[in-house]
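Two complexes come next, and they have one chain in common, chain A, joined by chain B in the first and chain C in the second.
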Partner chain A sequence: MTNKKTLIVITSFFTFIFLIFFKGLNNSNTYKPSKSQNDTIPKFSAYSFYEKKIINSENIFNEKKFYLLNIWSSWCLPCRDEHPLIMSLKENKKLEIIGLNYKDKNKNAKKFIDDLGNPYSRILLDNDGTKAIEWGAYGVPETFLIFDNKIIKKYIGPLNPESVLEIKNYIK
Partner chain B sequence: MLSSSIGYYSLIFGLCVSIVIIFLSIRNFKISNNLDKKILIFSFVQFALVLVSFLGLISAFVFSDFSNETVFNNSHTTKPLFYKITGTWGNHEGSLLLWLLVLTLFIFIFLLKSKNQPNKYRILTVIFQQIIIFGFFTFLIKTSNPFNYLFPINEEGLGLNPILQDPALAIHPPILYLGYVGSSIIFSSVLAATTLNNINIYWAKHIKVWVLTSWVFLTLGILLGSIWAYYELGWGGFWFWDPVENVSLMPWLALTTLFHCLLVLEKRPIFKSWVIILSISTFTLSMCGTFLVRSGILNSVHTFANDPERGLFILSFLFVLVFISIFIFFIFHKNDENYSSPIFLLSKETSLVINNWFMMYFLSVILIGTVYPIFLDVISSQKISVGPPFYHKLLIPFLIPFLIFMAIGPRLKWIKSELKGKSNLILLLIISLFLSFFIIRNFDPNYLLNSILIGSAFYLFFITIQDFFIKKKRLSQNVAHFGFSLLILSILFNNILSKEIITNLRVGESYKNKDLEIVFNDLIKEDKKNYVSFTGNFSITDKSFKSLLKPELRVYNQPNIITSEADIKITLYRDNFITINSVKNEDYFNVRYLVKPFMLWIWISVLLIVLGGLTSLLKKND
Partner chain C sequence: MKILKIIIIFIIIFSSQNIKAEEKNLQNKITKNLRCLICQGQSVYDSDSEFAISLKLVVQNKINQGFSEKEIYNFLTDKYGEWILYEPKFNKNTYILWFLPLLIFLFGGAIVFKKFIKFK
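Up next, the complex of A and B:
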């Protein structure tokens, strides 16, 4: 009798292991950034670009309006390409654009802004790239549309005219 | 072209022969007590077919037949002939074909060598083994056919991973496989013997040869892999607790424990359940290793193919075998161990049981460390990786009693014994503790644990040395245990005394600290057959040592991979190890200089352990 019970217990134990392995097979084992659409934005604090003061994310995304977080870097060529498009969004009063300067040298970043214009109401620094990871970014450039502390839309890679149109539709 | 077709059709025929043998054996098992000669003949035919198929693949590699997909993916015309041949099993498809070859070879040898065993048992073993062989045939043909035809035919292949172009690694997989596959014979045999209630002293004597053989190959295979990692991967370590290394260590632990249980079973009919469970787990762990490595479920330096279909097949096959063995164990195994012959506290059996449990503990720690990340990922989608600190913290403290029992155990007698020469044993223990305390105090005074650990390793060391003079009969055991104590000692001293210097240097620059100086003299560029080599020329001066070391950086063209070849100056007491790596877009090189004491002794002691196994094997064959 006890023999039978042990058999059942062991069999179910191995069945459980089988199921776990089976599920594990379908899981990809590469690193996937965890933040995606409809997620709440991460809380973080970062130095600001000009004043070099620590700013908390809660003090940035606190109003009931749309925010656009753009991760950029002066060494990234696609960022240069998409920059005019971001400049074109600057005039929109319903939208506030925040820049996250990713793994950059301050001098080069300043030159980039001086040459191409500053669409950002605020620029935050991410010298070691950890903030971008918290946001779940794959690389630069990457852009997040945020409303009410939620990521509404995530654009991987440079923005193009279609995505700008889409953003404009969202904030109408 | 032709050789591929021959190879492919031999495989198909081999699969058919498998079915024929299973039918023949089942009929034979039902109607008669004699082994049908046809089974023997068909087993040979099957082996011959797989051999033809394997030779077909080798010839496709040698003649660079790029109409074969496996050859195209893994070979290149400029590759040296030796690596063209070894490239045959350096890839997923070829290595499985090798598995199959060894599987069929071993069952044939088993049939020849087991004539004095009951025929019913032999037939049943054949059936179980053929089920495994059948599984591997279908796996090979269905999901990883080595003879896939490519059209149009390419002029040039994609090359073999240059990291795998290394003599130690070229023979590492076949040797390891001999060990893994040998455990399949143990598995089939134990299932057959359990079903027929045939687990007894004679069976133990007969299967011990197989256990020892697989054990010797498995140990050698692990050693070769470790040597390769040491000088090829350029990390300067020999064991990284990488999942793939762990999966080869786990069957080794199970097999070692199994062997010691068999030693008891040879003398007295106890430990039967231990023997059955360990035999089953050895093979299951080997298969589990294949599954983990081949399915890409784990992240590791070794991960080869990442194909869910393959993983699914091995997984299902593995669990079919697991369930079959569980049911056989529970239905047929009668626990008729003789309780009238009790086990006394002070006896060889007791110390064996204690160390068996320690081995099981080591095994479970490694098993948990290896598969836990998978479980966590599936259940909570968290990614973690388990590293050396986990294993060190959990394993090392328990090594102390393990070593002490290993030292005392062989001194005890079977069944019931009295500890003779107690004063001698205690005296040695005190000497070893003091010795290690004084050695350790000079290097790192903070580690009390280390000094006890080294003390117990020294204890085993001295006791085994003494055993060489007292018990001349058990030479094999002494050699193996002595090797083990030497291994632990070398690893410990290697860990404590290693030094490492990492710096960036340019040609002409030098690095200096209070006890040594490294000068980067020059850099030579050479064009070789399938790579470009950059050889650095370093002179190193320290207190006791002055030498020239020439690490190399190889830039392969097919495929485009950079590998770093360490230059190692090997002496009896220490290795001086240097590697260079390029720093992007600069003329600086990243230089890593390591002093690794007693490296040579790690390899020697493992060889001693193997030698112990071999002497025992040869003694049995007389």
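Up next, the complex of A and C:
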């Protein structure tokens, strides 16, 4: 009788563990914060890249169209990779691309733009990385698709052709 | 008169240092409870990654702006989700986490108790 009991306990214990692993190991382990919590864009002010004037975020994302905020840096290699893709989005009239230059030297950033082209209608400076934190970013590169002061989609890491296609589908 | 001035200057210097130290303590306490999301197994306090450096700065700025510890945690969980806190909040998603050790402890205690009675 006791043998049967232990057998049942042991088998149910192992099936329980098996089920947890079976479910858990199939899940992707890249963590993304849940989107529903707060997807309104943060309010902040930053220096602009060329004029060195303070710009308020409310004056940037105020129109009823799609915005793409791209956090980039000249020292970040994936940013170099994704740059042609962002350039390809530049022609789209429904989309305005804003750059956030993350912890960069001004000289290097200018060289980056001169070498690879400028897809941004406006570039803001984030010298100490605090503005990126306001956006809930992890590092560079990171891209946010914004409409009506809401973050619709967040891309952690460099954009790829699929994500560009996705962005084009959103703004269609 | 001169002595009085010197004393006043000393008082000002030391009192301001005291405030600075308290702020630093609070900053350290908060950053020790924050997970550095891009590092493995490190707190923001321990890490020197770009992300952690910026986050320390943000916490310091928030303290200077007069945010309380709880408000800073709320601000960061808003941006990054619950995962950034080492000590998870008590809610419907985490009650198993909080109670499981207690249950296991009671279960073990029950087994020991049963054995003990048998032994007697």
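Definition applied: the second predicted complex is superposed on the first by the 134 of 172 C-alpha atoms of A that agree within 3 Å, B and C clash if a C-alpha of one lies under 4 Å from a C-alpha of the other, contacts with A are read in each partner's own complex, and residues count from 1 in each chain.
Methods note: a residue touches a chain if its C-beta (ideal position, glycine included) is under 8 Å from a C-beta of that chain, and two chains touch if they have at least 3 such contacts.
Note that the structure is predicted; figures quoted are calculated from it, not measured.
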{"item": "Chain B versus chain C as contact partner of A:Glu58, first or second or both or neither", "value": "neither"}
{"item": "Contacts of A:Lys103 with chain B and chain C, given as first, second, both or neither", "value": "second"}
{"item": "Chain B versus chain C as contact partner of A:Phe14, first or second or both or neither", "value": "first"}
{"item": "First (chain B), second (chain C), both or neither touched by A:Asp115", "value": "neither"}
{"item": "Contacts of A:Ile133 with chain B and chain C, given as first, second, both or neither", "value": "second"}
{"item": "Partner chain in contact with A:Asp81 - chain B first, chain C second, else both or neither", "value": "neither"}
{"item": "Which of chain B and chain C A:Gly24 touches, first, second, both or neither", "value": "first"}
{"item": "Shared contact residues on chain A - chain B and chain C", "value": "31"}
{"item": "Complex contact set, residues of chain C against chain A", "value": "37-38, 50-51, 53-55, 57-58, 61, 77-81, 83"}
{"item": "In the complex with chain C, residue positions of chain A that touch it", "value": "31, 33-34, 37-38, 103, 128-130, 132-136, 138-139"}
{"item": "Footprint of chain B on chain A - complex, ascending", "value": "3, 6-7, 10-11, 14, 18, 20-27, 29, 31"}
{"item": "Residues of chain B touching chain A in the complex", "value": "291, 295-299, 308, 311-312, 315, 319, 322-323, 326-327, 330, 374-375, 377-379, 383"}
